[in-house]
């Protein structure tokens, strides 16, 4: 995947057209949305993918170019010349990590990555020590982030009894001074930042200029305005000159605004009566050779800031009390794990399951790839969930409706056969509704009893059912209902699934011949071991291209059903036929149809495939744009049990952040509607990504839900009638800045 | 035409008799040659005043905003029906309160073109014939074929019949698709200076009476940006530096909302070529976002939505 | 407005979104990448906050150029603000060109928090472009000040 | 001084001679703007075919946008006077009705105690040479509101087209001296006078009349007439009627602020705009078209009459001709005067 990404970026950025070839064995784009990226790389960017084995690279003396020698899929030896060769290299643990492990006494696996087990993916061998990120094994950003939150979840479970005990008591602010009605009295503080600003800009003339501006009642320059003694001075000056607007000209508001806002708040001013000018990062540092023009720029920037400051108004920070109760939808492994963790953290949790009993899809899975007993795990998990006093389990649940926002949701359900409506008040929602196995139309799956899906085969193996008793030839076909037109995504786990079944079958019955027909083997990370093992144990892997998939025939000979699988062998390049006793299909994982309803109910999006779409693919893998709602497990994307457990704990961890606060304080910079100007055209409602705007049907005007509004201003900029404005970045304020151009 | 006129009257009568509507918005004879005038009928009024002819130039859907909670019947040309769709999309009218009487439209005549024919002489009378208009002026009369005096936006109209209506009057007009953007393409071909000069020459004429805005059904803002004083978006003078801004923004606000009914140009007393701007935006909206205003009543307008693959060549 | 200045220095209003482009500009600073001092930044939460009327107002107030910069598509801190804005800008940009405003006057860019270099480069290019076409006059509204 | 005649062929040469000392405004058939009144650079542009221009010449005295003064943001109250153009002007070919409107505007801007400096400056510098309407439009109704095609009100010179010549009536001393200063004029013969009288009677016959005698009495008790609710119904509330009207004179005064300087500006306003009466509080005593339309009619035909005993309407017919929805003020007057009619 990394290789593909670099290839695409290289093509996009190079002036001259690039020809890029990616030499590969298998393309392992198993991550969310990766498969689509892979397809685009092939179709739109014409990146050439060459399934091959490279065995040599030589420099060509004449050109200095590189000659790549490789064997293609058919085993023919080829050579090709390239300007540049880039190697995709693997990851290995740092030696420091290894020594650390020794010191704290946690065991490593044979590759010196931290040892973990499938059901405890972030637990080290030593209780109380957790692991996350690449030290546990090679992985991508989202997995890393999830593991981090997951580790946090377990830690806070252990520490829940002492939560908050180290918090020094709440800071007291002086009563806020009422400045409404006062003419602006602006105090301006110009920072030298040592020589960072003072070394380039003419601070004296800045100060001179600022003094001349209307409404400026005090101007000062400081060596370091951010220093604690200057904070003291700022507070004094605010009192002494009854300053009601503060402007600081120094560095970037992105780093320092909070500090100064805190300061003026301590001086009894509303923190939003503050404006910052960036005369360092965006002035003195970047115009070092043009001090005069830089000083002129700084003057303009300060002038602009002051003209905005004149119009600053105190903003109220909306604060909401939260209900410290969790709601988890879905009683599979994902749901149970996150419910359990929240309970262990000391929060009441409601766990909703639409089926008769807990367990979900895992009830059909018997072992993990490395042979651990899934059924036992589910049993234990179910027990600890149902036994936990803080978890209320509801089965046969229908969700009728849900309303509210972060910290304050109300959801109405019915449970069991009873008609009466249960109303649950909760502060967060975790969506863990899972997914299901695709029921193939292909390959007579529905017609022949000897064509089956891996899940069914797995239970046959576990139960030693006689269907598989003395079979000779078993054919497994991968990517059935995945990576196709209709479902252009990779189901991620099927490859390991088929290998797992193959190995288990082989142990039961060493005589059996197993053929795995695949497109790419995607046994990522440590699963690769089992791929290797499978090959060693004589399981036959045959690669096929989607253009000519295996052809399964079903005949009856003397009333007995006979299955034959025909396929072109890419290596020998000729067709060959297998008489199969069993054909097992690695059927894809598909999202639930009911996801749509939930996505509307909780105002969270689905991706094109119908799985829930997180707020940020890489950095916020369990969050939604809508605060207080989280996702985990198969509802998010196909994934292994371990990955599900990690994500479930991650979701619990994120939720606990909200649940552990009595009140959530929201930014004051939210949108506001002027009813008299609003025509109720609904444009704002449509552009709001946070569903914070609704049109009041009676008055036909827009209404902002301040709890949901993030203050992006998209609605404001869209409103033709100027009926919406944004606190902190109002039209008037921006206009006043433009006026000083 | 006459037959349709009668059918309109009968239909309206029926609607009143069956108490389907409280008010009917239609056309009545004008007080001047070549003119008709909007009329608002109640149950008690006489439907015989209703007319339907080539002089029905006004865009009646503009009046819907005045009768939000009344049950309104409206005589709708193709352009009006598209505007009604847009007003529905922007929830400015309630479907349940509306009876749209769709009429097949052959286009309305442009008085300003006739003015050219008479060389500025006042037209003292006019008669509509099947194949054209007979006009009287300066003591003489002249027969002009409709094609020569059709309004520009009617000449390139692709929706001669109401795109959606509750009742449709008479036979549907034949609609053969024409390319509406030739003029715009020619303009785009011109040099920057030519375009700038044309723009200025046109805007210069504006006396800022706001007729263009006030006759537009889509200009329903409680307070137009140009009237707003807090903040003052743009200056209020009739000088070109300000009127320029008014017209640029007015056109921009029409993006994906203009059906080229021509109401603004028909109303403009100074003959400002307003379509020069709105038509361009209409073209861009179609080319950039594959959206045609008001043709469907369920298609989200361009600024309410987006596609990841929207054009962005212009962005660094 | 310093009109009767001997050598003219373009003034370019830069609307930068807080989360990407403004951060990118900060990074340019931290990396000490030098670029022309002609921009006057207005920090906005999101490129979606930028009403095209701001751009016109800037031009009317005598800005020689306007730059609007936001997060790359898909990276918007507010999920879709830049997508929504992109449509508006596409229409405005095309309209301005059509009525005869030089294309260099109003420009747009996507600059991420990691692209300090790109930010500097963009400001370079924009400033060059504005210098090439010279002082803005077409939409400028001057206030009579006695001379 | 007796009436004079000037041959049509000489008219242009006469005007030509005036360019030296005057800016000349005259009716023009502009290929883009149409029939308009504007400043002409050469007599070639003048078109006397169409005296009934689209815009009225009122903006020569009362421009749509007027800079009252500028001020500086820096030093306190630093006021900067505007440039006033004190050029001498001639308005040539003005219709009697438009000229009459000037006298009406005088009553507003030159009331004696509060005089409008800007208006007076312009009117003092302006000479008006009118041409009697021998070809009135069907929309003309000057006679209904107390004017006539040959009215001399507000003119310095009145010309009447008698075919080959114009008969010139010097109305004011300004007018006399202008004629005296020119060699193109000669004493009018009795024949000229006869032709003039004939032309005037013809014109008078052409002007349509209708009875509004009931109007005053009706309006006096007419504030709450139900008819107001209907009259305005088709009105879209644009400013065409007021902006093209030669007598409408409402204005707004506002400040335009820049970085260092600001301007105080006077612009035309229209009683038909909602903003016209909107209070800062957001309240509006004339919230709907009904009140605004009533105000326009009441002002022109009641309030102004009470204050100045003339109508604030000269019957030029522009609002009739250019109303985008054919809201015909004549019909409104008829229906109010109880003369029946009134399709609206």
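Observations
Letters A, B, C and D name the chains as they come in the text, with residue numbers starting at 1 for each one.
Convention: a contact is a pair of C-beta atoms (placed from the backbone, for glycine too) under 8 Å apart; a residue touches a chain by one contact, two chains touch by 3 or more.
Only a predicted model underlies this, so the values are computations on that prediction, with no experimental measurement involved.
Ranked by distance of CA centroids from subunit B, the top chain is A.
Interface comparison, C-D against B-C: more C-beta pairs in contact at B-C.
Chain C has the Cα centre that lies closest to the mean of all protein Cα atoms in view. Here the spacing of subunit C and subunit D, counted between their Cα centres, is 47 Å.
Centre-to-centre separation of subunit B and subunit C, using mean CA positions: 36 Å. Centroids of subunit B and subunit D (each the mean of its C-alpha atoms) stand 31 Å apart.
Of all residues in subunit C, those touching 2 or more other chains are 1, 52, 57, 61, 80, 84, 88, listed in ascending order. Across the assembly, subunit B contributes residues 225, 233, 235, 303 that each touch 2 or more other chains.
Contact of a single residue of subunit A with at least two other chains is seen at positions 676, 687, 718, 731, 735, 739, 741. Taken chain by chain, the contacts link every pair, so each chain touches all the others. Partner subunit A is touched in their complex by these residues of subunit D: 73, 257-259, 282.
Against subunit C, in their complex, subunit D makes its touches with residues 67, 70, 72, 80-83, 256-263.
Subunit D makes touch with subunit B in their complex at residues 29, 32-35, 49-50, 54-55, 64-65, 137-139, 230, 233-234, 236-240, 242-244, 252, 254, 256, 265, 267-268, 270, 273-275, 320-322, 324-328, 330-331, 343-344.
Those residues of subunit A lying in contact with subunit B across their complex are 676-683, 686-687, 695, 700, 718, 720-723, 731-732, 735. Within the complex formed with subunit A, the residues of subunit B that make contact are 90-92, 220-225, 228, 230-233, 253, 300-301, 303-305.
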